[in-house]
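Order of writing sets the chain letters: A, B, C, D, E, F, G and H. Residues in each chain are counted from 1.
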Amino acid sequence: MGHLTVCAPTMREAEQLVQPMIDLVDQGKPRAAQSSRSHEEEEKKKKQEAPLVAIVMGSDSDLPVLRPGLAILTKFGIPYTVRITSAHRTPSWMAQFASSASSSSIKVIIAAAGGAAHLPGMTAAYTPLPVIGVPVKPSIGDGMDSLLSICNMPRGVPVATVSINNSVNAALLAARILGAADKGIRQVVEKYMRDSEKEVRVKDERLHEVGAEVYAERYLGK
Amino acid sequence: MGHLTVCAPTMREAEQLVQPMIDLVDQGKPRAAQSSRSHEEEEKKKKQEAPLVAIVMGSDSDLPVLRPGLAILTKFGIPYTVRITSAHRTPSWMAQFASSASSSSIKVIIAAAGGAAHLPGMTAAYTPLPVIGVPVKPSIGDGMDSLLSICNMPRGVPVATVSINNSVNAALLAARILGAADKGIRQVVEKYMRDSEKEVRVKDERLHEVGAEVYAERYLGK
Amino acid sequence: MGHLTVCAPTMREAEQLVQPMIDLVDQGKPRAAQSSRSHEEEEKKKKQEAPLVAIVMGSDSDLPVLRPGLAILTKFGIPYTVRITSAHRTPSWMAQFASSASSSSIKVIIAAAGGAAHLPGMTAAYTPLPVIGVPVKPSIGDGMDSLLSICNMPRGVPVATVSINNSVNAALLAARILGAADKGIRQVVEKYMRDSEKEVRVKDERLHEVGAEVYAERYLGK
Amino acid sequence: MGHLTVCAPTMREAEQLVQPMIDLVDQGKPRAAQSSRSHEEEEKKKKQEAPLVAIVMGSDSDLPVLRPGLAILTKFGIPYTVRITSAHRTPSWMAQFASSASSSSIKVIIAAAGGAAHLPGMTAAYTPLPVIGVPVKPSIGDGMDSLLSICNMPRGVPVATVSINNSVNAALLAARILGAADKGIRQVVEKYMRDSEKEVRVKDERLHEVGAEVYAERYLGK
Amino acid sequence: MGHLTVCAPTMREAEQLVQPMIDLVDQGKPRAAQSSRSHEEEEKKKKQEAPLVAIVMGSDSDLPVLRPGLAILTKFGIPYTVRITSAHRTPSWMAQFASSASSSSIKVIIAAAGGAAHLPGMTAAYTPLPVIGVPVKPSIGDGMDSLLSICNMPRGVPVATVSINNSVNAALLAARILGAADKGIRQVVEKYMRDSEKEVRVKDERLHEVGAEVYAERYLGK
Amino acid sequence: MGHLTVCAPTMREAEQLVQPMIDLVDQGKPRAAQSSRSHEEEEKKKKQEAPLVAIVMGSDSDLPVLRPGLAILTKFGIPYTVRITSAHRTPSWMAQFASSASSSSIKVIIAAAGGAAHLPGMTAAYTPLPVIGVPVKPSIGDGMDSLLSICNMPRGVPVATVSINNSVNAALLAARILGAADKGIRQVVEKYMRDSEKEVRVKDERLHEVGAEVYAERYLGK
Amino acid sequence: MGHLTVCAPTMREAEQLVQPMIDLVDQGKPRAAQSSRSHEEEEKKKKQEAPLVAIVMGSDSDLPVLRPGLAILTKFGIPYTVRITSAHRTPSWMAQFASSASSSSIKVIIAAAGGAAHLPGMTAAYTPLPVIGVPVKPSIGDGMDSLLSICNMPRGVPVATVSINNSVNAALLAARILGAADKGIRQVVEKYMRDSEKEVRVKDERLHEVGAEVYAERYLGK
Amino acid sequence: MGHLTVCAPTMREAEQLVQPMIDLVDQGKPRAAQSSRSHEEEEKKKKQEAPLVAIVMGSDSDLPVLRPGLAILTKFGIPYTVRITSAHRTPSWMAQFASSASSSSIKVIIAAAGGAAHLPGMTAAYTPLPVIGVPVKPSIGDGMDSLLSICNMPRGVPVATVSINNSVNAALLAARILGAADKGIRQVVEKYMRDSEKEVRVKDERLHEVGAEVYAERYLGK
């Protein structure tokens, strides 16, 4: 291959100059969920597909909170990547990952953090992509500190905050954001909403039929 | 013109069936901000352009809170529409507007509300589009009730919450969401971030040069 | 009939004196619940009677919180119906149920919801009937978000809020509301208050008799 | 009388179509308030009518908070009486008033109090009538203490709590409670809801017509 | 008697020097509790002595919270009586007990309640005696509602509030109040403070001697 | 003397009947304050009388908050002394004053402080006297930090906490504490309660007479 | 030199006795600030001295909050530098400044920020120096979000948090930190504490002399 | 010695490259802790070394919270002493210890306390040394009372507050404070930060390699 010299005052601006070429390369990606594959195969497959969503967390202890959201992305056939980019313990790596995300296939970033939760806001400071913040409930306190550390960003750097530990809504929001421009994904979102509606209607009919006492004993086990 | 009969069990599903045709019509829209036009002309122009963002509020008393955000959208050249769709006083109109938004040119909805702020959540219940919630500080209390009424949506229906009264971040988030798929808008976001960075650096140099006492007196007037 | 003269310094004390006789009369009342029937029969019976109270919830997971309140309504002989009408997952069904309630036999609606609890407020937006809101404690947080999402309705659409998970008070409030116009129900409420008073007085006498140490060991088991 | 067929997709929309006729009929109603009478005459009139609602407060300093609610009752033609029955400074008088209320014409009690707000709960302890509590914002603090002192009643003695200083919603709730059994009052509540809906729709049309900038300047004066 | 000169830089240190002698004298005091009597005998004894402190609670479920405080009163030899006087379920009995307390031997009232905790404030409204309020943590929430419902009394009716569930401090405060006029009780309070000081000093010496690791393992069992 | 028979259903109501006579007798009492003396004379007088109450504060900026409480003590004829004993800036002086208080004429200490309000708790650590804590609202925040820093004392060292800035209740509590052993002071407290009751009853009658509209305009000036 | 024997019961009291002499010696110290120089000269002087403390803020709007702290540093003769290093708008510059601080003369960093206050924590992530965080009260809310975003750092990256807007305590803490190793600075801190103590004692004497009424009028102007 | 040229785009990255060599050098350092000694020997050793840090607590029940912090100090080779100096139960001992600390080898004090946590602030009032406050979560409540009682010190007496129960950060902050003047300790802090960074990077690589599902099952056991 030939080579390319880019001159720019900062690394960040240089990245912006080469971005058209990167975008060219990004095109042509296959996508659709076959949820029957084994985990290992899925993992291999995911690496082959260029991810549309990056999920970052400050510590691997946040992973259990994120898993229901990952399940939604898998179910919706949206390729993603998961990384640990601690704002406090690996600030340079966090900055590097966030800065380069928009030059890759990634369109949305989900960032989870607890306590003085700086990861979502710092990620948003380094990228022009939409960043969704998931406050993680810490071991002490009710998690309002996490929520407000993420939500109360100053004018200029927005983070799309969801409720505490609610990685499902973070994933659904990522799908809605992708769906704003991708009709296929929007239809998946719509189907999810219709299924959810049907499920509640079925339960309501059942409750109406058998009454509250029987329903509680038979279907809720109490 | 010919005509089209659509059969579906509900209005909502019918709308989904005709959506491909609507999308076809939606294409080809011109866009770019010429901020020098008068308000009246701008208004006329906006009606000609199909809006990408809808801003809804529960009461016209929320409009002053939203105006800084509208200024951002105007500055970024993103066409928008503003409506009053009260969840409590006009529930049917709210439901109708939210249900039909995804069949129009609209890609993102910003919803502002205060107190028991139901508008963002109810809008999200009726649309598959991403909904950004702006909590509005009520006359009594600090607005945490507004923020939590918007943020603490149950699993299944996400709202992207920003901080209280922060319509600027709601608009910037809308721009980032649009920019995820639209390179032109993303570049506008990147320029905004670079300008913001430069502005702070200039102030820092100035402060470093003259010292805190002189800076405060000369530039902050105190 | 013979007649009875009761002398007492206040009306309330006079009522207490005649209470044994009132209790006697209460036993033959058709409205009073005979709790010996089986659940299935009760259910059948309830469907035959036109319900005066509708209890709606956003999810069947809220049912356990509501059951102590349902027990009060059953005990008071007040017919009711229980439905799942999620504001977020079945917004159209919720709107339809709430809109049509005042055209049926229903006089009061009890609505339970947790987190960004929109169901009570949205129900009140669609009906002119009195709506009682029961905040449900979510799995994360202390439930103040639920309480304020229900209580802090804007001027124009009231919800009668009770404390978190307190379906008993919601049911008693429904009974008081019905009792405002229905003397039979008001007498049931009055009897409930007198019984409650008697129960406390008996415990107080016992505690006074045996002392705190013995009472705690003998009656509280600690 | 002739008869009228109205075709509409939903009941609610049908109601909106026939609303002009309903409004016409409403004008001759004896209960409707003619707000042109002088205050003195109104006062005299009120004493002649047996009050359906009693409004009690702990101090005359709470009266300004209650006045918007009194205006609603007057507008709806619902007779009421206003008293000062401090739980802390006049406990015996409070007990006497609350105990005897259900033997008079009163059907609903609205009780307003601030700080350690005991009046609504103590009133509810002495009466079987529905009691609506209005938390009053004290001079220090945000009023959450008032709200919780009223709302967090133990199982057995319910208070229907509205939001802080919201006497309008207390009055509307009283009207809905009376309307549960009185069709005339329910129609007044329905008309209020329709008028409120119309008012918002008119503003929305206007905003849509002139745009946010012009609307803010012309109609909000900013 | 002989006499004793004690030289010390401050009064307090002088008191510490003479403390062994004071402790000696304390042992013969009639007021001091001999905790070897059986509960039944103690109960009998208490009824013979006119109580100086009344402890009232809203429900017998509050009794376990009060017992550590009762143990302090017993240890200090202060006679007391315990009653259930619910403000919400037995308002007339509560009023009667509180009104008549100051005509009996009672000098201080301790009142415990949870949630919308009205008992301490209502008791204070009916008596000129000092009332100490013990907020009881309810099953839902952190108990701040209880604390503020007791503490935030309006100007005119004071309640001496202690921290949540802290019946020990309520009892110690009652002892200090009695001790303000009764030297014997004040000396018991002073001895309690000295004993508490000695106990901490012993632990500190031990910790200093063995070090934190050994102390934790040997004395805290972890 | 002649004698008087009073018939009333309860003791309290009987007391109200004989209250004019009690008030007559009260006028000659030596303890009652004659508020016509000048401040200087009062000051001189106070120094001659041994103070029963000490009021301490952390900073002279807290004095305005304390003055309404001082006015109550003056009105009740209770001698007091006021000192600045900052726990943070004059810890040794604070310790010295608190340690020696119980050896003087002082029976009760009122301590006011804001923010990390340590003065009341530290004072209580150095004295066996009852200490009343007055949380002072700081310039930033709602004062809940002050309240909890005072109220949440550990088991062993009680502080009698009143509500934020409520020096009136602190003074009334001091009077009740002194009145527990001093009949003269207790009668002054009782008279204060009766006067307060009368004042409310007069306002209630007036409001009942003229109605809410006229009352608000004529007596509240709005 | 001659020598001086001071007799006092405690070390602290002895220090107070010798304090006039210490103050005398303090006056010739080279570090002590001569506040008569002009701002410009001071600025020049500061640049010549290598700064020991760096004060960083996220926005120049935080400067007014910091000025009282800068005045303390100037008064104590501690050289400092002030910079704007926004974590959100200039993340790279923030990282660069924080990373290189420990290689310069700087020993302590004070970082001020409001809302989702990331600057102190991010600075601490990039430096091994002690970082003091000053939460700045934002325009909306009470500033608890700022405080917790700074204080609730995860294990591993500490920030020394002071109270909201309290730049004075941040500066004093920086002086104490420097004083831990620099005896000259520690003596300046000790003198500050003694002066503060003296100032309170003088006010207390004055208050004791003239009484609360006269003091409030004469010295507080109210 | 030979010399080494390291090329890297930033200082920080260069540091990472030379880090293996630094680590090698670190191993021979006299200060570094050899954790293989028995507790008894360590204790003896600690008494021989003059402590640089004093850790004080109000009760031995706070010791378990402090142990992770003590482990950090031991690991860093920083000698310390641990004492119980209750502000409420041993106020004189607390004052004596705090007053004399700065005359000993101690450079930093860590003070832990819960509830109305007065120990850190009172210690700071008696010493010119930097005081680090560790709020301890009490058995009732979330610990915000502890945090604010420590953090909200008035201007003049600073306490460096860390988050609730976070003794690790208190110890790290003490190390950073000592490190400001002691290069050896600063290098230990830097090594700790690098190790922490490496640890996260390793986990991130692993997660990236195996994917979230496998990682959660294999390394988190869920």
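The rule is simple: contacts are C-beta pairs under 8 Å (C-beta built on N, C-alpha and C of every residue); 3 or more make two chains touch, one makes a residue touch a chain.
From a predicted model like this one, the values you see are computed outputs, not experimental measurements.
J.: Counting one step per pair of touching chains, how few steps separate chain B from chain E?
T.: 2
J.: Going by the average position of its CA atoms, which chain sits the greatest distance from chain C?
T.: Result for max centroid distance from chain C is chain G.
J.: Counting in whole Å, what is the centre-to-centre distance of chain B and chain D, each centre being its mean C-alpha position?
T.: 35
J.: Just curious, how far off is chain E from chain A if you go by their C-alpha centres, in Å?
T.: That gives a centre separation of 55 Å.
J.: Measuring centre to centre with CA averages, how many angstrom lie between chain C and chain F?
T.: Roughly 42 Å separates the two chain centres.
J.: Starting from the mean Cα coordinates of chain C and chain G, work out the distance between those two points in Å.
T.: A distance of 59 Å separates the two centres.
J.: Send over the residues of chain G in touch with two or more other chains.
T.: 10, 12, 59, 89, 115-116, 126, 141-142, 144, 151-153, 156-157, 163-164, 193, 196
J.: Which residues of chain H touch chain A in their complex?
T.: Within the complex, chain H touches chain A at residues 9-10, 12-13, 137, 142-144, 163-165, 193, 196-197, 199-201, 203-204, 207-208, 210-216, 219-220, 222.
J.: What residues of chain A sit close enough to touch chain G in their complex?
T.: 10, 12, 58-59, 87-89, 91-92, 95, 114-116, 118, 121-122, 124-126, 138, 141, 144-145, 148-154, 156-157
J.: Enumerate the contact residues on chain F facing chain G in the complex.
T.: Those residues of chain F that touch chain G are 39-40, 42-43, 46, 55, 59-61, 63-64, 66-67, 70, 81-86, 89-90, 92-93, 115-116, 140-142.
J.: Can you list the chain G residues touching chain H in their complex?
T.: Of all residues in chain G, those touching chain H are 10-12, 68, 96, 99-100, 102-103, 107-108, 126, 128-132, 147, 151-153, 155-164, 166, 168-170, 172-173, 176-182, 186, 189-190, 192-193, 196.
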